[in-house]
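Okay, so chain A shows up in both of these, paired with chain B first and chain C after.
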Partner chain A sequence: MRELELYYGPQHLGMVGNFSITLKVQGDRIVKADANPGYLHRGFEKLMELRTWMQNFPLVCRINVVEPDHIELVYAMGVERLAGIEVPERAKFIRSIYCELARVASHLFGLWAYANMLGFDTAAQWAMYHRDLLLDLFEELTGARVYHIYIRPGGVRRDFPRGFEQKIVSTLHAIGGKVPDYNSLFFENRLFKKRAKGVGTLTREEAMNMGGVGHTLKATGMKYDIRKIEPYAAYDRVDWDVPVYTGGDAWSRLLAIRDEMIESVHMIFKLLDTMPAKGSVCTKTPNPFKWNIPAGEAYVRCESSRGELGLYIVSDGGDKPYRVHFRTPSYSHGLTILEHALQGENIADVGNIMISLYVVAPEIDR
Partner chain B sequence: MTHPMVKNLKSMFKPIAVKQQDERRIMLNVPKDSLMSVLIFLKNSGYAHLGLISCVDRIADNKFELVYIVSAYVEEDVDDSMKATFVVSTFVSRKDPRFITCIPVFINAEPYERELHELYGIVFEGHPRLTPLLLEREYPIPPMRKDFDSRAYVEEVFDTVPFVDQEDDS
Partner chain C sequence: MAHTSYINPFKAVKNLFIKPKTLCYPFTLKEPALRYRGFHTNDWDTCTGCGNCADICPNQAIEMKEIAELISHPEQGLKNERPLLDYGRCCFCGLCVDICPPGSLSLTRDYFHIHFDTGTFTFFPKNEASDSEHFKKADEYSVLKASLTHRKQDFQGFAPDLEYALFQPGRAEMRQVPAEKRVLSFIEQVLGYSREEAVEEASRCLGCRLCEEACPAHLKISDYITAIADGLPEESLRVIYQDNPLPAICGRICMKHCEDACSLRIRGDALAIRWLKRFAADTVKQYQKALEQEPGAATGKKVAVIGAGPGGLSLGYFLRLQGHEVHVYDRLDGGGGTLRTGPPAYRLPVDVIDRDVEYIASLGVNFTFNTEIGKDKKFGNLMKQYDAVFIAPGATQSFSTRVPNAEKCSLALDFLKDNKIGNARAIGKEVIVIGGGNVAMDVARESVRLQHMQHPGQNTVTKIVCLESGEELPASKEEIEEAEEEGIEFHTGWGPHRVMLDGQDCVSGLECRKVKSVFDKKGRFAPEFYEYQKTTVPADMIIEAIGQRPDFSFMGEYEKKLTFTERRKVHVDDNGMTSIPGLFAGGDIVNINLDAVTAIADAKRAAAGIDAFLKK
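So, the complex of A and B:
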């Protein structure tokens, strides 16, 4: 059969974000896929070398549009490690709660993208609405809806406003109460099962060889979670579990995401119960315009909603970073794994596989 | 406490500089020739997750520092020594930056090496496609190098673009 070249994206209904794939197809089957990133390359890592340590925060949060909070966190952790700053106890809990809220918001956004791509418009709109409720919380806490710039080296920018804990609880109850509805509308829907089961299957060995992290590994039964193996913030203070599935396909990945969301909500309740009622939320740091950080290098990592997020940061003793390099989870997922997983699949399943791998284009390009 | 792997590495690969930041972070600096064998040794010891390949332009020493970050795929209940992360670095000359690819060891090195080739101009021998990954246009020197002056480049290239005249509606 004749081999054709087909451009999928950057403008395509099944494509979220500015990213494209060049497919070689025979009939309906994909023979070879070439991922083509770069539409969102803004050169942040170069720009960050020209700005002071604190001036970089408005840049780092724009690396992942959907979920800026974990990138802020990992950058703050890198600076803290280089400068040897300790974070107060209450700030650790606030960071954990804030990052779990961000994880739920990001998963809801991912659910919107996935459901929308499959044509489940109602479930998609619900997910977008519930994410909006969380954005209201972020707006009250930080003053911004999307790019919060809330975490800073030494802690967080401000304490919870009065009565904020109750607002978190009532918002999460409102979202959690809808889980049975989501299940009957989407997750247990026969159409969803038919579209997602057995699609884009990865074995555990394949996923590990190609640098898979996060829910890609969790869908193959591996409890690989940085919050567990290298606890940061306050994740070691409460008891929680890593939900896993064993199928390795798009269906397992989506269910792993759903269960992680539910687990995050439970974790936030536990964190709110155990967090210290009073205390400082930020260690005092030097004047940001005259802040020279001792020379050295550091690698820090945290678990974003897409998986292991790392930062390699080098200081030469000056007031600006010498080199910053983010290890973003979408990089391996969107380039190595996606190209492999698409081989032999249907054209109609490209968006299905890509969104189930949770590829976010700005994270790849940086 | 010294990590158990440090002793093995020191005895197997002689001229190796080890700096242990804490129990979880071990910085290794190895000669160019033994880097691949160190990576293979780490992989066979269970540290099979290549997190990142990065590069630092040490322009003062006229060298590039290639950085490989290797850790293990583990679950919570394993021994703590398996939860360590190794930051393995080596120097390549800045004049003719060449190195061998590590795709045979770690498959996911492919896009990282492609990116470093584009942004730093390092040639990875044996890499199947060193084609552009992120950038739109050609640059006089690879843009992430320290001697690439972003400001001068922007002024030179974009000042020549004429402003678009706004039509006056009134």
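So, the complex of A and C:
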């Protein structure tokens, strides 16, 4: 059969983000896929070398539109590691709660994209609506809905507003009450199963060798979660579990995401119960105009909603970073793993596989 | 399972009967959160124009622009610049709010602005107080008109909060000798910063340079503070010496106009600029090595300086660097002028003065001490022998109240001088100091020390009697607090009427009248008293410290040729030259600040003037 070249994105209904895949197809079968992430290069890592330590934290959140919070967190952790700053206990809890809310919001956004892609519009709209409820919480806590600019080196920018804990609880109850509906409408729906089961299957070895992290590994039965392996913020203060599935396919990945959301909600309740009621939420950092951080380098990592997010940061003793590098989960998911997983699959499943891998294009090329 | 999965999706149908969640703009509006980061407001009345918002902005969305209608008050740290916002660049991070020292900048919950003209996205943020026209009351506000020129009043969003501010409002505490210990001797009260404390304090500086405009001598404060923060006190001293050759002295007794302008003072403590200057001066042991200064190439011109106070010393330094030959004359046995005799040793020890003077002498400035012009040397001869003459004799004569029996009182300057460089005075057990200024505080605090030294273990007291009451006291707040700590009694709002004498013609007390008002309606000094409201404050010694004036008698017939300003100051032109060609003047006889740093500023001006005059 004749081999054709098919351009999937960036101008394609099934494509989210400025990203494209060049497919070599024979009939409906994909022979080879080439991912091209270069539409969204904004040079953040270079820009950061030109801004002071404090000026950088409003910038980093823009690396990932869907979930800016973990990028903020990992940058703050990197600066704190270099400067030897200890974060107050209450701030650690706030960071954990805030990041778990972000994880749920991000997963709901992912669920919207996935459900939309498969044609489950109702579930998609629900997910978007429930994400919006979480954005209301973010707005109340941080003053912004999407780019929160909240976690700063030293802690967080403001304490919880009055009565915020109750608002978190009631919002999460509202979302959690919809889980059975989501299940019956989407996760237990046989159409979803038919579309997702056995699609884009990865073995654990393949996933590991190609740099898979997060739910890609969790869907192959591996309990790999930075929050457990290298606990940061307040994740070691409460008891929680890493849900895993063993199929390695899109279906397992989606269920792992669903279970992770539910686990996150439970974790937030536990964190709210154990967090110190009072106390500082930010260590005083030096004057931002005269803040020189001793020369050194650090690699810090956290578990974002898409998996391990790393930051390598170098100081030469000056008031700006000498070099910054983000190791983002979508880099391996969107390039090596996606190209591998698409081989031999159907054209109709490109979006299905891509979104089940949770590729967020802005993250790939910073 | 198999069957239910067909039916399950239809459960969603029930949602048809639920009210939709989407908002129908503009008929339903979602109220933004209380902390919402929307459009900026800026209270122009509290904004100082320091420009820290423009410096911190990661996107360079803020530019400081001069506003013609506003007036700068450099002495109060107020600049006529205001931030200009560019919403084409702003990312609404709110760093500007968190760095704003006066807390004038904040964000509101407004976020609507739609316009075809991109120029409208650049604007000066104001608030309802400074722009009532564009900030509408709730009943006049319509979301359909919402824009940067149609905004809601009282719509505060992300607000400044000192607890989360990016600057450090609190000062690194200065170690001081406690009051109960320091009154026992003339030990220096302030102990100075250690290296760590100095770096910590210097690091608070935001670098807005409001202080530099407030300083009469315009020292490059921001630069030398940054050098200290970087751990480079030698570099710091080099910067200081560009404009001020008396860092050890000014580091102790400067009136610190800079700190009154510091933008940090508004919601915290001003940066301890004076103590940091002292740190630089005290830390560097070898000035010559650190400064690497050489006198300029010899010009062959000779300049005489009368008075080795801060003005005379600085003038000698500046002119020597330009290569002129300088001779400084003073009637005292060393340099410093009024600083040598006036400020008590617990504030300014004599060896500190000598350190600064010695460095100036090491550059080749000639000093002739113990020589009184007018007595030992004729002023007219100096005018003939030298190419230019600079006079900075200072205010050396104390005023007296001239109340009956006032001749039984001591005068402040003589009292201070004897205690500092002569033989300490015998002090009474019950002392009254008349006056409410800084000199009166010096006298009273010296009196307390002498009482502890001369009458140990006995009941002694020092009282301050002055016309002014409470807040009107002209002395600095710091001095008043420290005087109170040392146990000095304040009798404010009483005017001396008569010195009471006992049978042996010795002082027994001071009869006072209650003050009605100190100043007249025009703000001039014109005290009025209640005739019959009297009190007698008992005392065995009274010291008058109500001001001092200069004495021009040393000039002989030249005095008549001088012209004076309305405020009885010697009139000088822009070059510091008096009405007599070749005669320049500075210090307390010229300026109204009556302090060291203004004398240095005068000297700087006169040095440039003399240099130009000699090169003519």
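Note that in this section the second predicted complex is superposed on the first by the 366 of 366 C-alpha atoms of A that agree within 3 Å, B and C clash if a C-alpha of one lies under 4 Å from a C-alpha of the other, contacts with A are read in each partner's own complex, and residues count from 1 in each chain.
One rule holds for everything that comes next: contacts are C-beta pairs under 8 Å (C-beta built on N, C-alpha and C of every residue); 3 or more make two chains touch, one makes a residue touch a chain.
These figures come from a predicted structure and were not determined experimentally.
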Touched partner set for A:His325, first chain B, second chain C, both or neither: first
Touching partner for A:Arg237 - first (chain B), second (chain C), both, neither: neither
First, second, both or neither for A:Glu188, with chain B first and chain C second: second
Which of chain B and chain C A:Ile149 touches, first, second, both or neither: second
First, second, both or neither for A:Glu139, with chain B first and chain C second: second
Contacts of A:Lys24 with chain B and chain C, given as first, second, both or neither: neither
Footprint overlap on chain A, where chain B in one structure and chain C in the other make contact: none
Residues of chain A touching chain C in the complex: 51, 54-56, 58-59, 122, 129, 132, 136, 139-144, 147, 149, 157-158, 161, 181, 184-185, 188-190, 282, 284-290
Interface residues, chain B side, partner chain A - complex: 21, 24-25, 27, 48-52, 54, 56-57, 67, 69, 73-76, 83, 85, 87, 106-108, 110-112, 132-136, 143-144, 150
Parts of chain C lying in touch with chain A, wherever the complex brings them together: 1-2, 4-6, 8-9, 11-12, 15, 21, 32-37, 55-58, 91-95, 98-99, 107, 157-158, 161, 164, 166-168, 203-207, 226, 229
Chain A - residues contacting chain B, complex: 37-38, 41, 43, 45-47, 50, 208-211, 217, 222-225, 228-230, 242, 297-299, 301, 308, 310, 312, 314, 322-323, 325, 327, 331-332, 335-336, 365
